[in-house]
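You will see subunit A twice below: alongside subunit B first, and alongside subunit C after that.
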Partner chain A sequence: MSIELKTLTKSYKKNLALDRVSLTIEKGTICGLLGRNGAGKTTLVNLVGNRDFPTFGEVLLDGVNVRENDKALKKIYCMGADDLIPVNMKIKEVVSSMRYFYKSADLNYAEKLCKDFRLDMTKRLSQLSTGYRTIAKVIFAMASGADYIFLDEPTLGLDANHRELLYRLILERFEETEAAFVISTHLIDECAGLFERCFILREGTLIADEDSETLRSSAFVVDGKTEQVLLFTSGMEVISRSELGTLSSACVKGKPGNVPAGLEISKPSLQQLLIAMTADEKRG
Partner chain B sequence: MNDFIGFALKSRTGLIRFVLMMCGVFGGIFFFYLIMLIALVLDGSIGKVDIPFMGSGGIILSGVCFASSADRLIRMGVNCGVSRKTILKGLAAAVPVYAAVSAAMTALAELIAELVYQLFGLKLLGFGHELAEYFLWEIKDNWRMRVYGCCAVFMLTLFALAAGLMFVGGKMHSRRRGITAAAVTVFGYWVFSVNLDYDGWLYDLLERSAVATNPEYFAWQFDNLPSLFFTQCELLALTLVGVYLLYGIFAVMLRNAPIRGRETG
Partner chain C sequence: MSIELKTLTKSYKKNLALDRVSLTIEKGTICGLLGRNGAGKTTLVNLVGNRDFPTFGEVLLDGVNVRENDKALKKIYCMGADDLIPVNMKIKEVVSSMRYFYKSADLNYAEKLCKDFRLDMTKRLSQLSTGYRTIAKVIFAMASGADYIFLDEPTLGLDANHRELLYRLILERFEETEAAFVISTHLIDECAGLFERCFILREGTLIADEDSETLRSSAFVVDGKTEQVLLFTSGMEVISRSELGTLSSACVKGKPGNVPAGLEISKPSLQQLLIAMTADEKRG
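After this line comes the complex of A and B, so read on.
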């Protein structure tokens, strides 16, 4: 079982938000959807969830196009960063509404999550802080019982304790249900441990679609004196470079090979790699 | 589709909320009439004046309440994986139920208001007055008027609900378009229905041109049927055409509308 995006393209007048994005999300995986602001992450989630329509391309669930397809859409839940759920609805009202649409919606689980997060179910979404509103939306998604759950910015406004709790609950739920989770976030290092696979978008284009470990192993960081670093990296594919006084740091694609003395090699974190891969060329 | 219809008719977010909103609306109208009643008592005009009931106001407000309900239903539906196609079909099925409920509520509200006013020797000139007369004094003689009067309220409510849908369809594109859509439909409502009671120009124009082109047929109509029967038939037909037109525009709007929460606008 999988969701397949085929040359998915979306343009808003002259602005190309997504450019021929093709990727596959297998059931039973947790994936990271990463990229800078405006990279097209939310657009991608909206297209998968039938909230918006692609200019070109299609989203297939087990080979069937999800566009205007109720049966396929019932297997997908997209938690958006924007307020699609009317904010003057009470949490318990939203939760009880979900049973009309998702047959496997687990209302008891939603109640349990509300207790875990100390969220009052009788409150309206408009009465909640940004963090609690995010928590409420994550709870709706997790309790939906859908096979594919897209979480767009699930950590928006959450404090460190709640983020830790959220990561733990996602892992628990993943083990119970084997649903696919696609998490779009900017807190990459915190979530890096969750991701089995990463999709990196840059200005609407998919620039990486790999296992997290493979992705991290595909590059290395070299630190040292600027002259030495420049000499060592000449002829290599440098993803990003930064200088501080006489010292330089470069993120380079490939394997380091023989490293001369005076240079330090390390494995980049996912966040470092993302910054390197998506940095502005001017700053590069 | 059954899921969405069930959600629209059974859930607290759907029909129940709509009925509660309508109760609020009629509560407001009653409050207005009670204030007016007190003013009339203080003025000493009791038994001397007749006041038109704002039944049309109730129907228009039912359209506004429905727009609010439809907005919720559509957003929740799209959020929970319901296709636009199913939403359109589901709403088309749910609208007559909403219309029947609000028409019944409007009629009941008018009737109660009329009865309260009659206790003070006043009367409200509206559908409630007609109903009160039919039910209390003239049931046997005016069955046609009563039946068509009920139909007219139902159809006008349908019209108002379709106007509400058009507002929601427009809002999904942008708020400005939604407001324009609402303004156009309120104008349409006024032209088609409210204005009819006060020698509206569109009705006169239609009737004059119809009579001019088919004089024999209309002569037969006027000779054989009560004039109100003819008027109501025409009113119902015009309203139904208006409803279908508005629903069609709504369907086209919603079919292509991206729904992106607060970003829309």
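After this line comes the complex of A and C, so read on.
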């Protein structure tokens, strides 16, 4: 079972938000959907969830186009960055209305999550702070019973304790249900441990589609005296470089090979790698 | 020059959002306004900015109440978590209209910031992604020319590169203008270096008002074998404890005194300390 994006493209007037993106999301995986502000992550999720339509290309669920296809869409839940749920509804009303569309929505589980996060279900969405509004949306998504759950910035405005709780709950739910989770976030170091696979967008183009370990092993960081680092990396594909006094650090594609004494080699963190891979793109 | 909060209190029906908070914000300092989701941070900022009125207590600017006091309010800019600016306005329109209220708004500086963040000023707020909407609001605040600038979650939805850029710009602007910055954030480890002073709210009550270093020195972390940690900390004020196999870590108020061999003592990070000080409160 999988969702397949085929040359998915979306343009808004002169702006190409998504440019021929093809990728496959397998059920039973947690994926990171990563990229800078404005790279096209939300556009992608909106197209998958049928909130917007592609200019070109298609989204298939088990081979069938999801476009205006209710049966397919019932298997997909896309948490909204924008407020698609009437803000005057109470949490418990939203939860109990979920069954109209998501037949296998798990209302007991939604209640459990509200307890875990101490979210008062009698409150209206409009009464919640930024952090609690995110928590409410995450709860609707996690309890939807969908096979493919897209969480767009699920930590937006969450305090550190709540973020830790959320990561634990996602892992637990993943193990119980084997749903696919696609998580878009800017707190990459915190989430890196969750991701089995990473999709990286840059200016609307998919620049990486790899499992997290392969991705981290695709580059290395070398630290040392600037002149030595420059000499060692000459001819190599340097993706980012920073200097501090007489010392330098460079993130380089490929394998280090033989390393001269005086230089330190390490694996980049996923966040370091992403910063290096997506720095200096133009945005709007 | 300073803003003084005197027994500031706000209740919504049965909910006491802010309970007799007294504190002083001096010009020329960067302060952290910290606390969990729902602790009262946004309520506090709304009261200072006259977006809401206290049930009890007052906010004074240089001794004068700010309530419906335009002259005082022109010196304070509170970045909005909610959208108080019409979302159909273009960025450049918002910027050029700022002068109506904030006479010393710096339009050139706003333009510079838009360039730094690559924010297209011809776009409408409604066309921006979550991250870019935050960036736009931060730019309005930073360029307002106000003496007291409140930034409520200025990193909401910002990617890692943009967060680094923002921290650098805040420091630069602070050095140039000597304005006070009051920053409310949940990414405490990233911002800790900026804060000279910290205000910590817990369930609407101010539980700490100290300079950052004093705060971090007010507690210590002890790591080691669980039984040894338990023995060492017995009778001490333990604010949090975690276990991993046969090992334990405890965050303890006060000074460690004589430490037996086998135990490791370290300073808590600001985030660790905050998690310890604010864990397990009730919320809504």
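Things to note:
Following the convention adopted for this analysis, the second predicted complex is superposed on the first by the 280 of 284 C-alpha atoms of A that agree within 3 Å, B and C clash if a C-alpha of one lies under 4 Å from a C-alpha of the other, contacts with A are read in each partner's own complex, and residues count from 1 in each chain.
Following the convention adopted for this analysis, a contact is a pair of C-beta atoms (placed from the backbone, for glycine too) under 8 Å apart; a residue touches a chain by one contact, two chains touch by 3 or more.
Just so you know, these numbers come straight off a predicted model, no measurement behind them.
Once the two complexes are laid over each other on the shared chain, residue contacts for A:E153 go to subunit C alone; subunit B is not touched.
Of the two partner chains placed by superposition, A:E227 touches none, neither subunit B nor subunit C. Once the two complexes are overlaid on the shared chain, A:E237 sits clear of subunit B and of subunit C alike. Within the superposed three-chain model, A:Y77 lies in touch with subunit B and out of touch with subunit C [touch as defined at top]. Of the two partner chains placed by the overlay, only subunit C lies in contact with A:R36; subunit B stays clear of it. The interface of subunit A with subunit B does not overlap its interface with subunit C at any residue. The residues of subunit B lying in touch with subunit A in their complex are 1, 3-4, 6-7, 11-13, 71-72, 75-86, 256, 258-263.
Within the complex formed with subunit B, the residues of subunit A that make contact are 46, 49-53, 68-70, 73-78, 80, 82-86, 89, 93-94, 96-98, 100-102, 144, 146. Listed in rising order, the residues of subunit C touching subunit A in the complex are 35-38, 42, 81, 118-120, 123, 129-132, 135, 153, 156-163, 186-188, 271, 274-275, 278-279, 282-284.
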